[in-house]
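In the two assemblies presented below, subunit A is common to both, partnered first by subunit B and then by subunit C.
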Partner chain A sequence: MQKQSDKSEILHVSRLSVHYHDQKSVVRAVDDVSFSVKKGQTLAVVGESGCGKSTLALSLFRLLPPAGQLVSGQILLHGQDLATKSEKYMQAIRGKEIGLILQDALSALNPVLRIGTQIAELYQHHFRDDRRNAKRKALDMLAKVSLPNVERTYTLYPHQLSGGQRQRVAIALALACKPKLLVADEPTTALDVSLQNGILALLSNLQQEMGLAVLLISHDLGVVAQMADQIAVMYAGRIVEQGPSADVFQLPVHPYTKMLLEAMPRMLPGQGFKKTYRISGQNHEVPDLRNLPAGCAFAPRCPLRLPACSDILPTETAIRSNHIVRCLQSGQNQ
Partner chain B sequence: MRNERVMQIRVKVGSALLGLLFVLSATVSWIAPQDPDRQHLETSGRLQAPSVSHPFGTDQLGRDVLSRVLHGSRISLGLALITMLLAVILGTSYGALSGYVGGATDRILMRFVDLFLTFPLIFFVATCIALFGNQLSIMAIILALTAWMDIARLVRGDVLVLKRENFVLRARTSGLPVWRIFLRYVLPATLPTVTAAAVLRMADLILIESAMSFLGLGVQPPTATWGTILKDGRHFLSDAWWLAFFPGVAILLACLSLYLIGEGFQKHTAKQIQSVR
Partner chain C sequence: MRAKASMAILLIIGAWIVNFSLLYWSPGDVTSRYWGPEVDAVFLQNMRIEKGLHLSYWQQLVRWTGNLLRGDLGYSWTHHRPVMEIFAETLPATLQLALLALVIQFFVGGALGMLSALWKGRKFGMILDAASLAIYAMPSFWLAMLLIYFFSMKLNWLPASGMQSMFSTNFGLGEWLLDRAWHLFLPGSILGLVGAVATMRFVRARMIEQMNKPFVLLARAKGLSTGTILCRHIFKVALLPMVTQLGLAFPVLLSGTLVIEVVFAWPGMGRLVYEALLAKDYPVILAANFMTAVLVAGGNLLADFLYRLVDPRVRI
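On to the complex of A and B.
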């Protein structure tokens, strides 16, 4: 344990970079990313598809695909650097200290094992519980995620459950061993809109009850507005703006954040319902991560581009306490 | 839709036929009209055409062909079944491990499979029988050694896809150990493929065993198998067609029923895969 670090700080990631290699090129999927998540708080990582969000989630678990490599940086969980730990150590904390809800949670259940067996086996593995204890805990967990008739659900197979129920089971699996940190990668995108609110409410209830630190990964700003205490906006593998949720939503600084917010249909207090705007800018293409410009990756799409933007990589600048922006013009744009 | 119904009928017909053959071979001691080895060497008893007292006729030693075919089914079907099980166990574990471990190990293990596939089948079996003898247990092992390769290949292909499935990744995010994920998450999901391949394999094994016996490499006379009866019959094809005809029909029916079932399974699996994607 590092004494100087804030005690409520559960995860602290600093200057993390993850690259994918193939024969010809290097993809910088996560580049120089730093953030931290506190107990009971939610940090939302937002950005469009392909900006490195899911890679970030998997790198925290050290479960990158074979081509992926954690190049540099630290992942401090309670002061322990996961980036340097052995596979054996990682196996022991996966599911126990850190839980992950995968992007497509509907296919995350083993089709040939009963729901109850899949949860109970986690207790048997991580806590060496005997069958009866594991079953009792698994039933408790099913009740916690508000599944109906837990005794019966325990004996069902995944295909016998509805989408919403399977999502609840996926949450139960991620939280079964009472982890301190939950990483939720698009926890609602596979679901109907009508089910999203129920799942989000369940997540925030469990978060309060268990004092969870949550890293929420989403491209849905509506979900983020509902859940997040802190927001980190990612573009082409880098965090371009990070700050408290209210700040980022109401006083966005980076042109990309502004563009994202304008593209969202929303209802904010005192503003009524706003029209939806299309993402503006000359170039609508998501940048090619193999071939990023030397300067700011957003420059080709940026409406406020300066000649210097394509050459100079902006550093993280604090414009308010806790509010950090990577933009050469951040001073002028406030 | 219509296709599916036809497929289901095929599986049903195949299963019924196969079930009947198995029941017959299991109860043969009660239903076979005569001792299959009892000879009637007087002229009136030898090479009799099918009649009420000998529905399949008699052979050159006056033995009742019906009783011999029924008794033969025990060895022909039993040997094929045991051989198939051995081949499935060997092929599945080999292929699944190879695919799951992956990388250079996988490439080397698969080249070894290719090597086995290049052996000429009859030559391999003949050599092994010459070296190790032709007891039934040794025959089963030798035949299994010729039959496990394509099961290994199929299962490996399945595992390569399965280990990238979301539920396998999820098991890893839950911290489950690699061997446990293999046994409980990957291996059971190969079952549909293995079943279909195993059933088709068994049909081939019945044919191979008959061919081996026919060539005199397999089970030796006087023990009756479909292959040995066929072999005896070949000398009398022009005078006593029933000698070769009835064991031939038995082989045909057994293989046909297995192909019907196997094909139905394969179509069903292909359909399941489509519906998941």
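On to the complex of A and C.
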């Protein structure tokens, strides 16, 4: 896994663990996670709800809730380890070097501040721009995300826009300061399917134009197929499979990845609607992160489970260049 | 808005009827003040007839309502002067008190609410929280007496009662103003403080409620500092319900002055009403209660109007 860090690598996360503490127990939301994102590329993190995707996203910003704690690991943004930086340093980085898009723009935008104000304040904060300059830049940015009548949109409040327009505003806001890295947490989940494509197309255009590295968090494999260069599949806080998008989609190795792909409504070419695995009837529940088994967390749901699976935690094994799997049977599964 | 206005009018009518009924059914009347060997029953009965107290409930209600509708607030039974005239004399004193208290309530209360939300869970925040709860729970007359004991009796810094010093008519304008302010300080701050802790708890709750919202997370992800987020992003959202509070606070404050005015012998409307209540001085009580009802209803309407003005979501 550990590659030579090259120039095009914007973000390199290694062995990151994030725990939530409460009085009684420890939730291992992110456990020993490593990945990197290159300039102009998209890494998609997929997994079901509660697998730690969003915690992972927030930990990059060091914006975990009070109970959350970065236990170990490195978050290298351009070689600078964000895990060890001060809050002041993080405030200078957030919004400037890394942008965030949240799922629902209606709740993510401030309901009582004008759209323009919310974007312009980024320039005032990060570049010490005066009001006029900030406004000019904000108008440019609104035009860039293809919003109509930017002068008017500037003065509107979030509730006065449509859902798609709001998400465009959210994108403008995240990319206002030309960050190197964009973290998009379920950017299209709250939108109508008819609007999703427009937003995704806008994102990839801006990505190409700006050479943006994107960390896309999604549970929608359709979105992932459209956007991702690399895919990391998360299960119970760990990455169980990671590799180039084409590899993971066409030659999935981990049983969980296979299960996710099977659950997709559209089947892959050539496979028809044949089902190789059923989603096993024993346990459909997302595992309790407080109480994970000693071995593979997926073992209770796994159709290929061996007795050893419950006891031995599989390590990351490279089965092809850049294709990594955490499964005891990865050798046999290909 | 029209429905709200008609509700307000209904509220005023209802309050008027309830006020009169309470007075009518409570024991004793204005003649109860006269007692002793020289007071004979005929004198008292004549007095009752003169004031219309011998009439039935309905007859009296109609009479009082008729007078009110004609704009005639009548003569005070104890001061023997027009009620209007007495109100005009006492209202300024009460307004001074209430306005100072209002300013303290909203500025101090708002600031403390923000601080205690910011310091939530920290030592200083907890102290602030406990102190505010203690003041909130204290009866205001008791708090007033404690502070009088401390600041007036022990330290001798502030006057214990009254609105001005004796011989203040001889003062120059500057001196006179200072003297007034000196007298106003303690009752005004106590009244303000009691309101401020309520506002503080309100602001604190609203701020904390907003802190976990996604828009705050995004604001932090924009790199804004906690102070900016609190003042600019959260406070504005939390402020909206505070505007409604403002509309409601004023009438509450005017009634709150009653206790403070009595404790501080402040020559305002509160004390006037208090004395009128003891004397069963119908014209004064009814007129004062009517005014309060109008203020409450008007404050409600005003709050509604202000809310529409400040919240962009209700504007259209």
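FYI, the second predicted complex is superposed on the first by the 315 of 334 C-alpha atoms of A that agree within 3 Å, B and C clash if a C-alpha of one lies under 4 Å from a C-alpha of the other, contacts with A are read in each partner's own complex, and residues count from 1 in each chain.
In this section, contacts are C-beta pairs under 8 Å (C-beta built on N, C-alpha and C of every residue); 3 or more make two chains touch, one makes a residue touch a chain.
None of these values were measured; they are calculated from a predicted model.
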Subunit C versus subunit B on the shared subunit A, clash or fit after superposition: clash
First (subunit B), second (subunit C), both or neither touched by A:L261: neither
First (subunit B), second (subunit C), both or neither touched by A:C51: neither
First (subunit B), second (subunit C), both or neither touched by A:E121: both
First (subunit B), second (subunit C), both or neither touched by A:V240: neither
Location of subunit B clashes with subunit C - one stretch out of 2-10, 20-28 or 38-46: 2-10
Touching both subunit B and subunit C, residues of subunit A: 61, 63, 90-96, 99-100, 102, 104, 107-113, 121-122, 125-126, 173
Interfacial residue positions of subunit C with respect to subunit A in the complex: 213-215, 217-225, 228, 232-233, 236-237, 240, 311-313, 316
Touch list for subunit B against partner subunit A, complex: 165-167, 169-177, 180, 184-185, 188-189
Subunit A - residues contacting subunit B, complex: 61, 63, 90-96, 99-100, 102, 104, 107-113, 121-122, 125-126, 170, 173-174, 176
Subunit C-facing residues of subunit A, complex: 58, 61, 63, 90-96, 99-100, 102, 104, 107-113, 121-122, 125-126, 157, 159-160, 173
